[in-house]
Amino acid sequence: MEFAVSAKDAKFREDVREWLSVNVPRDPRPPITLAGAEQVEFMRRWQRKLFDGGWAGISWPEEYGGRGLSLVEQVIWYEEYARAGAPEAGCLFCSLQHAAPTLIVKGSPEQKAYYLPRILTGEDIWCQGFSEPGAGSDLANISTRGTVECDYIIVNGSKIWTSFAQVSDYQELVIRTQPGSKRHKGLTWIICDMRLPGITIRPIKSLDGEYHNCEVFYDNVEIPVVNVVGKIDDGWSVAMATLSFERGTAFMETQMRLAYTVEKLIGLARLLKGADGRPIIEDGGIASQLSRLRARSASLKAMTYMGASRARNSDMPGPEGTYIALRCGEMKQEVYRLAMEILGPQGMERPVELATQDLVQQYLYSYAATIGGGTSEIRRNIIGERLLGLPRHG
Amino acid sequence: MACRDTGDDQMIDLIPSSEQGAIAEGVADFLREHFPIDRLRHSRGTVDDNWVDLAQLGAFGVSVPEESGGIGLGVVEDVLVFREFGRHLVSPAAIGTRVAAIAAAANGQEALCRDLLKGRRRAGLATPAGSGVQLLEVGTGDLCVAISGEILQVFDTDQLADREELFALDETLTLARGRLGKAPLITVTDRSLVLSVRLLAAAMLCGVLDVTRDMAVDYARTRQQFGVPIGVFQGIKHPCADIALAAEEAWSQVAYASLMLEAELPSAAFDVTAAKFVAGDNALVSARANIQIHGGMGFTDEVDAQLLLKRVHVLHQLFDDPRLVRQSLLELPLEI
Amino acid sequence: MEFAVSAKDAKFREDVREWLSVNVPRDPRPPITLAGAEQVEFMRRWQRKLFDGGWAGISWPEEYGGRGLSLVEQVIWYEEYARAGAPEAGCLFCSLQHAAPTLIVKGSPEQKAYYLPRILTGEDIWCQGFSEPGAGSDLANISTRGTVECDYIIVNGSKIWTSFAQVSDYQELVIRTQPGSKRHKGLTWIICDMRLPGITIRPIKSLDGEYHNCEVFYDNVEIPVVNVVGKIDDGWSVAMATLSFERGTAFMETQMRLAYTVEKLIGLARLLKGADGRPIIEDGGIASQLSRLRARSASLKAMTYMGASRARNSDMPGPEGTYIALRCGEMKQEVYRLAMEILGPQGMERPVELATQDLVQQYLYSYAATIGGGTSEIRRNIIGERLLGLPRHG
Amino acid sequence: MACRDTGDDQMIDLIPSSEQGAIAEGVADFLREHFPIDRLRHSRGTVDDNWVDLAQLGAFGVSVPEESGGIGLGVVEDVLVFREFGRHLVSPAAIGTRVAAIAAAANGQEALCRDLLKGRRRAGLATPAGSGVQLLEVGTGDLCVAISGEILQVFDTDQLADREELFALDETLTLARGRLGKAPLITVTDRSLVLSVRLLAAAMLCGVLDVTRDMAVDYARTRQQFGVPIGVFQGIKHPCADIALAAEEAWSQVAYASLMLEAELPSAAFDVTAAKFVAGDNALVSARANIQIHGGMGFTDEVDAQLLLKRVHVLHQLFDDPRLVRQSLLELPLEI
């Protein structure tokens, strides 16, 4: 256990704060609509600005154009990022937080050379292609199949809950390439160009009015074999690399934003008055929940440090990342539920039909936090079975 | 009558009599046919087409005196009917219309009363928010009901000022901001009537809870994962049990409170407040659990779980911030 | 739905209140110790006083010496009983709330004539004999066996979690009389005299320091066949009658006591000051929990009325009683957890080593409320499977 | 040292170094042999037999300067040792003894310091309660530590008045009421020292949490019902997962706060307070869940689940009412 104080620390925070204060877009990030063009344009512009400012890929190794920041610096970055009200990753989340880390670990030199720079500049948008109807978030039940024919893999089947498919250039697609294989064997992880013939995309409207998810259908889609990441039939280990990464520091932005939202809610509760004319913060029921969430934000950050400290001593982040994913999802809901209590009657209103900066919209979106990327129930199963060694359901 | 003085025998019966059951069932039959919940899937603050037919059925006049065109029963029967309204997500303007009709009758405005009962006019609701009020389901030409302490007031559209249209959390309802004028159409001071408004919101919440339970259980029984229905897993089964318990608890308290209110017992204020609190809290927790039980589907607008959640928020906030309702529960007198 | 107001109502409450104010023992009920003699003596004396005053068996039909009070009168009785701080049923709970109702419904005329009066006067103490090691609260797994030999049933096996066995005269014993029978078939419900040779009782110390439960071992215990209640091999239906009853109005005393405890806690929170010098009630976190529990007490009472109203239209209370059992158990824990929060540092102290009137002792005892008589998990399974029709675990 | 200024590199590492691990492991080995939890099964406020041996191991002097007979490390290493104490339900007098030794050394009372470090004297703890204090583990001849704001005071037995013996919720510890005198043996004003006392209570809570998790998981894996281990059921599996998460969260925050405290950062007060709150809350919720997981056995004193619950209550209340700790969390400055 060690805390190495750096003289650069305060200076770094100052630099970040200054750059963000000048560059963060004044307009909020547009919602993700049926077509999604506004958000894409907005996020591409912002990512380009980050890139030009030297703030793209802060956690990536420098050899791939990243900044290679230390964990402490990353925390500072996300703290300042949240404080500045900078845009959430949105349609760039998958490319930056899933696809790039996977390619860095498992991609071929050619794949890295082609895709990584395009991700870094925001040119390409990626989506995930793991979940299937009926399989839930359990990769072992994947049935979308790929047949190798010469230099192509012919894909047939469908995926569901694919976020941002309607605006994506590429997809991290996991398919079953060994016919009749069971569970985790015989899967292949492949880069799928979303403009290929045979792909149909059906965006699904979410309860918050945005179109976060899509169904994607594959009808004899021909993907070149060179697009396979890792080896054919070895997709499970590639996917695991992504998921492990996802469960680690990928939650950092969400965490810092939550911590900052709690501070904002404290401010809001001091400012707003209830129908009884008293500031909401004087309602001890509200105040005690704010206290609790303030402490829980701190400990969530500490859990991230703990996970990263463990990772430093091993090649891949352990499954303890599931702790962070579970807590993060449930806390997000707690925070926005409390926001609704503070807002009271104002929570019945939305200023415009869709606005990502609106607390009510964020409240509604928070319902995804315990469902998407593995429900809380699945996460508790993983902790119980893989970490604690409890028996699986027969 | 649901309340009588027997002199020597005493009882509390929370099961509807066959007459009471028939009234509720009559309304339920009509709603099943004309108000299926999925009518709201892509609706945006539009008035239900069949409002007039529902009115003509007598559904808003259950406790309006017969001489004013109502059925002349009491709040106990109203509660049964409004639970059915809740089950079909009928507009909360049903509450405003019912109470405005009673107020109009009490005030001798018989023509207005009949217009409301026949569905020719509708009354929306005003909830205090910030320095003004939120106008829920107050469309052009609609009346608007506001309550404050034991006073209930009915405003006509031209008595509202500074109106500004809003987008509602529950987008199937219309919402606006505005200010109430100084000269309401009707002012009534009637503690029981004010309490009945809260109780009917609670009754509608019970109806939503019933639908929530049925939807959750139905999904748990039919949706398969890992080769079995997900209801096998305690992570799903136990939340379903909790929703069922929440529905039983809320309805028991609403039914009980309706009897206390009808009998005008001193503890009625506490019982009605507790009913609103328990029904709102249980409905909210259950609506959330139902979304979680539905997994990815629950987050879409393709199943009705989200409609239930949003409606619960609105009914829970109706007239009173639940935060302040909770506080008042500690102060109200309670005989034990 | 009907509320029939009675002129007798207020008068009845007045009578009850007056009688209790004169007769309730000033001393608290003694704890149940290893030997248990103090509580037995205390409760026998109190039950005798109730009997002499005409308050024994208030819900029993008059033909069996009861008062046959209406549900409303029972509620008034228990409200006043709790307010007066009258003793909890303790070692008489089983005889009054389980054994007597079962005998009234299923007993032979001889059994009724002999046992009911002795229960009513507090002369006999009964315990239950349902649970077994390994079988939990699932009657279907009972393996204690009874072999019919002439006029006797020879019993071998053991029971666990038997409350008050160390002081009981009789036991409601359920045994498997059809060798090789499965689940609910082949069980017999029999009255077991606890002084018979071959019975060994091992009291188990509970976490609150009392000895609430025992293990009971049966080594060739010879019970006369005339002690069978209902028919041989038909014990399941007899036990169900008891359990249904248990889940109905039998919780009324607990409920009213909880409601009264909430009022007491409100008073305590107004009176006590925290280390910051402010009355505890000014802590809005505490106040909001008290509000919540006040409302929940009311709705628990309403649920009892609902259950009783349904029962009036059918022969036996429905399984909805499980709702009440579940809520009652969990609410009891919530109430006493809140008591501990209000007590703060004072909750670390106990005035004497064991005192049933002590909030700390009651807090510790409340851990049994979600375990004994079926855990909350089992109760949720029952609701899910029997009431909602969800599939059983395969 | 756990905290250094590197000038150009910065990091936070929450995993013990091999040196730190060795210190904790040395204590753990001793405790496993001499302080098995079941030694407390039927104990009634008796001092551990092996207190002197534990002291001679150096366990109370980890952060006492070497020149005063300690090991000369910091609160980071203390936290690791006190987590081990928690795992074995070592008396909270360990906290008093450690902090009294530090205060004695700072005050130049070297003889007293050595007596404490060698186990010849012990220091219990005073928590404000009503108009006086609760004396926890303050036996005959023991010292007593009290804190107020940034002031820490050590009292000798004869400086305590109105002593009255009590029965403790945790009957394995001694408890009394009393009043503190006006003339303490030692008075130190030291914000960090006061914070360290709270942090060590939190570290002990983490130790109890670890045992709670292991006990729950072990029972879920081995206890059979309906023919399978109960850990198969999500009604058991999910609470086990929650306990494991609670333990991970609490320890992460305690470890992090120890680094902030050692570095004397401005946010240390918040981080330590949050650590105490999170560890106490998580340990309490988990101790309760563990009893429920154990079913009927959990309610007996034949398994150790009840010992964990009672100890958690005591550590959670130590020095501060958690209710007020929670309130203070809203006021403390926090850099984000």
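Going by the order they are written in, the chains are A, B, C and D; count residues from 1 in each one.
Quick note on the criterion: contacts are C-beta pairs under 8 Å (C-beta built on N, C-alpha and C of every residue); 3 or more make two chains touch, one makes a residue touch a chain.
This is a predicted model, so every value here is computed, not measured.
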Comparing A-D against A-B, which pair counts more contacting C-beta pairs? A-D
Suppose chain centres are the mean of their C-alpha atoms. Which chain sits farthest from chain B? D
Distance between the centres, which are taken as Cα means, of chain D and chain C, whole angstrom: 39
For chain B and chain C, what's the span in angstrom between their mean Cα positions? 38
Which positions in chain A touch two or more other chains at once? 283, 285-288, 377, 380-381, 393-394
Residues of chain D that touch at least two other chains are 233-235, 238, 326-327
Contact residues on chain B for chain D in the complex? 233-235, 238
Could you please specify the touching residues of chain D with respect to chain C in the complex? 127-130, 134, 136, 166-171, 175, 177, 224-226, 233, 235-236, 288, 291-292, 295-296, 298-302, 305-306, 309, 313-314, 317, 320-324, 326-327
Using the touch definition up top, name the residues of chain A that touch chain C in the complex. 282-288, 394
Which residues of chain A touch chain B in their complex? 131, 134, 136, 138, 160-161, 204-207, 209, 212-213, 274-276, 280, 283, 285-286, 340-341, 344-353, 360, 364, 367-368, 370-372, 375-377, 380-381, 393
Would you pull the chain D residues touching chain A in the complex into a rising list? 2-17, 20, 76, 80, 213, 217, 220-221, 228-229, 231-232, 234, 237-238, 240-242, 244-245, 248-253, 255-260, 262-263, 270-271, 273-275, 277-278, 281, 326-327, 329-330, 334, 336
